[in-house]
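Two complexes are shown next, each including chain A; its partner changes from chain B in the first to chain C in the second.
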Partner chain A sequence: MDLRVTSRRGRRGRALARLAITAAMIPAVAPALAQAQEAHRGGTMQLMAVASGGTLDPQINYTAQFWQLYSATYDGLVAFKKADGPESNTVVPDLAADMPTVSADGKTYTFTLRKGVKFSNGDDVTPEDVVASLQRIFKVSSPTSGSFYNGIVGADDCLSSPADCTLEGGVIADADANTVTINLVEPDPEFLFKLSVPHASILPKGTAAKDMGNTPIPGTGAYMFTSYDANNSLTMERNPHFVEWSADAQPEGYADKIEYKFGGTEESAVNAVMNGQADWSFDPLPADRLAELSTNATDQLHVHAQSAWWYAPMNVNIPPFNDVRVRQALNYAVDRNALVSVFGGPALAQPVCQILPPDFPGHEDSCIYTQDPGDTWSAPDMDKARALVAESGTKGEKVNVVTEDNAASRGVGTYLQSVLTDLGYDATVQTVSGDIQFTYIQNTNNNVQISVTQWYMDYPAASNFLNVLFGCGSFHPGSDSSINIAGFCDEEIDARMKSAMTLGATDPEAANAEWAKIDYAVMEKAPAVPLFTPRRLDLVSERVGNFEYSSLFNWLIAKSWVQ
Partner chain B sequence: MLTNFLSRLLRMVIVMFGISVITFLIFFATPGSDPAARIAGRNAAPETIAAVRHDFGLDRPLYVQYALMMDRLFITRDLTSFANRGQKIVPTIVSAAPATLSLVAGAAILWMALGAMTGIIAAAFRNRLPDKILMGASMMAVAMPVFWVGEMINLVTQSRLHDTWAFSWVPPLGYVPFTSDPAGWFLALVFPWICLALLYIGLYGRMLRTGIIETYQEDYIRTARSKGLSARRVLLKHATRTAIIPIVIMFGMDFGVLVGGAAVLTEVVFGINGVGRLTYQALKALDLPMIMATVLYASFFVVVANAIVDVLCVMIDPRMRRK
Partner chain C sequence: MTSVSTDKLPPSPTGEGVSAPDGPWKRLSAGLLSSPTAVLSGIGLILIVIAVLLAPLYANHVAHTDPFRSGLSAKIEIDGKKVPVMQRSTEGLGLGVTPIGPTWSGEYMLGADTQGRDVMARMLYGGRSSLLIAASATMLTLVLAAIIGVAAGYTGGLVDGVLSNLIDMMWAFPVYLLAISLSIVMIGKTIVLGPIELSSSSLIIPITIIGLVYVPYVARPVRGRVMAIKNSDFVLAARGLGVRRHRILLRHILPNVLSTLIVFAPMLTALNIVTESALSFLSVGVQAPNASWGTILQDGQALLYSRPTVALAPGIAIMVTVLLLNLFGDVLRDVLDPKSARGR
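For the complex of A and B:
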């Protein structure tokens, strides 16, 4: 199978962009180009998914499926750039006219709002809307209220009593100056990232302080939701009050209408796209269709690296993985190439043996657990692994691998079982429904020894992997929400992570170098087996043009055309 | 009549109460079923989970939670899902019901008509070629798993031969509401009907055949024959009428169960978002409110379908009237 299924269409898109720059310099050409762009405007885009993503409330929903839609329907004060490739990791001003002025101590951010921006209900965006929206994050108990926005002054009171949240002294509006000032308790180099995700969307101040469920909330984006039935379909239409103010933050869309249908199977979605009945499907393509698609539909396939990892966290607090030698042994023994095949081949995954994904801030190639330790993984080292297991004296112990009920996760689990058996353990696989497994493996009461799971970035910062997944602060024994699944808490490493975060506020480069070292230090303790970096494979219909991919929002739907 | 109706109603309420209590208890006995963290979202802070737990009443005693859930399901009807926060349960099921009803009703007409025909023809030609062909075919129909048949139909009609004259008329998978486009509704359901009906055609055909052949041994058939009635009249008016009673009883059960959500495989394969798919998704996500509502919905239909069948049997079988 062709591994680099670069699309001709993608190249054409970039060529067009280059053309656009040239065109801007030659006024005579500009109308012709505008006409070409105009010709693509219109039509209805048809999207599909097996199931919907749950509530439509952008301050509550935490799914990649709907974040993709929010990128075209809602705006924050700042936003991730709507651009193809690594550029999509940069933060640009959105509802704020410029990047905020930050005080010397890094604790005060002042944003001046853009003038003339309206919600889809026709109301102007005012500083009061910003204050109300930031309060609403706490009032609706947004999933990230306690992890992203707890650094705002007054957030503690909001967390303990959400209904009376005021963020007094934390968020201050000045209607005359048209500014909003946010005060933090401590400097936070990641604060602008946190303001760029959909949970910090600016909504009209009158929005009820409860989960709005299936009822669309007016937004400021190029599109607005016009109907949503979680069991059937969702429709987005052009926001009549939208005027493009920044193509980087919120570009005008091509299609007039976007229809999203829920139901069916992954298999039928592929047929629908190939028949031109749909333009794209959210779910992963069925592995048995890949060979056929990569020869028949090369132009319609788009492959992109993801800022994510598949990993097997090992519970460092119960046997046998409370012995670091056992954890290292498994890391030495796992054949990453075999796992890549299990996941569907090199087009869909890349072997990995460290925590931060390739091209991620703070990533520096390094691999401790391989035949010849160095930059990259080459082959498993079974001799070393067996020696370590023998040394630990844990041979013969029972080990249970907990996986999700989908084919990929089960395949990985079965593979891990075979490796563990090879190492002399009495290994079994337990499969739990995908919707439940993620919370099940987090709770220490379930005594999960090792499990198979994934983590996708929330925003491009090393701490989002290292501190979130292996920091002492994310370990809550007995709770279903204890994202440090391995239960790994190393005082020294934790202190280094805290200082790296502080360093990031003043010197991001030095901080990233330190994060690379922390990645190495955590891997030495081996609280998890890094398995592979997944790639996203998108299949679009023949008529879809200008496919652009953002690392946070996946395919930028608004920037593609259907005619 | 009225007492009969009331006693049935009472029995139904008791059955449904029992089912709801069992469903409720099984849910809370399932490991990892605590919905608070799932509702709160990944990596939620402990404060957030506590707030969600309180909001959803999950910090109250089980019997209070049960009473609240029943109140919100039947009285205020604003019960919301644990998995899709904010999704109201009752309207969701109400809007999913027509799809399932269309699917099952159409398939039922098909399988009753074709099943009866198969059984009668096979019995009439007992042990001869038509009988053997029909029984072989119905054995196959019973043996083929419905999801496989569905996928094969889709493979042919949506993929391999989709662009040929034979199947270019097949609309994309999914349900088209009857009220918005009756023709589209019909076309979209043709293959799902066939797929769902196949198993039952085979099953009912075989059962009816056996029933008729057994009935042929009865005294009253001999009497009818000796009266000089034609073979066709004996077969249709006398033998079939008696032999069809067990089929009608079975039909009631099957229909009720399918309308209640057992047509899930057909629904999923053909992208029809009916009650079965709702139940399946709710089970996968351990979404208690949705599980509870769909289970009660299903049991309601089984009870109602049984009541209707009892009435039908009295109409078909004169012997029952005398009792």
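For the complex of A and C:
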């Protein structure tokens, strides 16, 4: 049996060993390997999900569900490596022939495009397509246009007037040299990560500057979307113009066709996979099937660590959480082990008490809010929590916990309500539909005191958690798009975050050490209760082979076979 | 000689020797008591009410638990051993945590839910909420329907036109769609009405929502009944004798409408129990920390495969209570409205 519950660190060691053995054997096994791989080519992969991920537009969609599909259908100038384990955090050249040349001041990136790459409609990829695609990010008001790409010269004008976006002086195409130059206002050590996510996909220059909804946009990936009905199904077939240029960036897929069906329940999806009627389901497996699957389908289950956290942001601007002692009290009171039970036990979640997930850049073990403060969480300290609440004089105040309408979120919310009641508050739980909860809790007009939510990394950099979730720049009162849900803005910490980001351009290790200190500093102010880091559990059918897992895109569908 | 029994004698013109007919309440109780269905269903309903009223006693002295507190780290003693309420899988890949199943003893008699809480204790507390909401919503519906129906039917003209159209408009909405829409608007906000402040967990919110959505279903027949009575001989006679309108309303119309309302009460209560459960199941009814049979049913949905008792218990409670109410309501209608009974 394959040991599938692995930490990133454990995998790295084994991956290196595998690499060494494979390298030694390459001359002997290469032809046989190619023959075996050819034998696996073909067939139709059947995927299922309770609901679709919304628009098919890769520059607008911001869901893990469809980003997984974009990894096989669209490309950027650079891409996250399509590899198993920690290697998947590496950025490799994709539509660019090589990694860009970066100017000494770190503000100018020059990319030389590969020749001969075509879109699925048969058109060649040109520097003009790259310019048009980067402009389109602003024209369609991509969700990350203001946070990821606002550092490009000309982005300010594009953000204020999207329809007229030209990125004048920011993105320059040279058709003769087949290059694209991107100029930044300030050096950004994370810029290549930002260019590697699907929002920076390169699309044909004629693509309409509007949300394309259900209409597939031609891409350069190994597959192309051939049909999409958000209420029913989605089909992907091989891109007839695709020729593999880099197995790291865009590998050729095994299955000829990928069919994705929407509808039904998580329960029915599990039954379909177990009966061989489907190959995989996107949604979390029902909690009450886990014990059974754990023994009956060990070879079909894959558990992987995720760069993510479940947390409870507390609004630091309204009572009772405008008192740091109350926030600290709740951090002391929450039993992380109990919450792990809600998520399916220790094999599927790991208790945490800091912001950066384990094994993430900048993470250093530390736990302030536990019975014996040290490196890890051990047990809740109710005495200290009650003392802090008594000091704050807020006992008896009303507290409402806002959760998403699903079993896990509701379970966490109900538990927090119980703890708050134990601490002497008049606590209630409010369940809000999953479609709107995430935006509802962000808007300060809704006066949400405490909520339950999750954050999954966009790219492997500490700032993607600390600066995005607790930076002053992410707090927009009265807006549905204020990802700093706690409304936490500490100017001193914010300045340190900016310095750490600048430092990252020249000394990533020193920057990560600084991020670890910032993580600690933010937790001292306790704007959120870190709950646990979830692990991703995938159930595949018996016929699925070569399961590989990427930190950003989860299961790399194209790299698995069904025959 | 012919002997004639006195009880067969025709009444004397003066009324001597004839006992007064039974009053409506006496006839009602006699009718109910003579029906085994009504007696048995009535006893069943009384037992359910007593059981849910004893919920605190059960939780404190039998189950020794607070059914509103999470018990994710709780342990209980079984056969002298301390056993965790939330049992982690130890086989295979060790995935999953399953709440303890029915122990059929005092603690965790029906097992635990996903928060490690005692299902039996929650069932009793949940029953209190479900019955309270259903009964209160029924009262609200009947009072509002009586006011609207009587006002529309008795006044006629413009008032009738306006009220009838309002009723029709409400009726046009599918009842669950209306209830869910109202819930989404009302739940999740603290509603302040002068000195009264209603938090999102207040039971008054589901009572108001459920009470409102069924008003048209009762107001319409009440209006029709009032219009029929209004034109009956005894009302016309009263009018002819110069009896004032409000006196006609109080002495002749309302007593006759009351029987219609009483017939509706048990049926409506049954309907309200189902509606409350449906709304709570969809997270738009009773809100935590309160429990109802609907919320327990929702908790049980996540455990349908491994711990079906968590969903079955409230399901059975809802079914039995609704059945008893409908059986009782049937007999009540037969007693109060003999015409409809004959028609069946």
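Note that in this section the second predicted complex is superposed on the first by the 534 of 563 C-alpha atoms of A that agree within 3 Å, B and C clash if a C-alpha of one lies under 4 Å from a C-alpha of the other, contacts with A are read in each partner's own complex, and residues count from 1 in each chain.
Note that in this section a contact is a pair of C-beta atoms (placed from the backbone, for glycine too) under 8 Å apart; a residue touches a chain by one contact, two chains touch by 3 or more.
Bear in mind that the values here come from a model prediction, so they are computed numbers and not experimental data.
Chemist: By the touch definition at the top of the document, which applies to A:Ala338: first (chain B), second (chain C), both, or neither?
Modeler: second
Chemist: According to the stated criteria, A:Val432 is in contact with first (chain B), second (chain C), both, or neither; which is it?
Modeler: In the superposition, A:Val432 contacts both chain B and chain C.
Chemist: Contact-wise, after the overlay, does A:Ala230 reach chain B, chain C, both or neither (first, second, both, neither)?
Modeler: first
Chemist: Which partner does A:Ala407 reach: the first (chain B), the second (chain C), both, or neither?
Modeler: Touch partner of A:Ala407: chain C, not chain B.
Chemist: What is the contact status of A:Glu267 with respect to chain B (first) and chain C (second): first, second, both, or neither?
Modeler: Touch status of A:Glu267: both partners.
Chemist: With the touch criterion stated at the top, can you tell me which chain A residues are shared between the chain B interface and the chain C interface?
Modeler: 267, 432
Chemist: Write out the stretch or stretches of chain C touching chain A in their complex.
Modeler: Answer in residue numbers: 68-70, 72-73, 86, 88-89, 91-98, 114-116, 187-188, 190, 199-201, 283, 287-289, 302-307.
Chemist: Taking the complex as given, what residues does chain A use to touch chain B?
Modeler: Those residues of chain A that touch chain B are 51-52, 54-57, 60, 62, 141-147, 150, 159-160, 162, 211-215, 229-232, 261-265, 267-268, 271-272, 274-275, 277-278, 432-436, 438-440, 442-443, 446, 468, 474, 476, 479-481, 483.
Chemist: Which chain B residues qualify as touching chain A in the complex?
Modeler: Touching chain A from chain B are residues 31-34, 36-38, 40-49, 51-52, 55, 80, 83-88, 92, 95-96, 151, 154, 158-159, 162-163, 172-174, 268-273, 277-278, 281, 284-286.
Chemist: Which bits of chain A are touching chain C when the two form their complex?
Modeler: Listed in rising order, the residues of chain A that touch chain C are 4-5, 267, 286-296, 298, 301, 303, 335, 337-339, 341-342, 344-348, 398, 400, 402, 405, 407, 410-411, 413-415, 417-419, 421-422, 426-432, 537.
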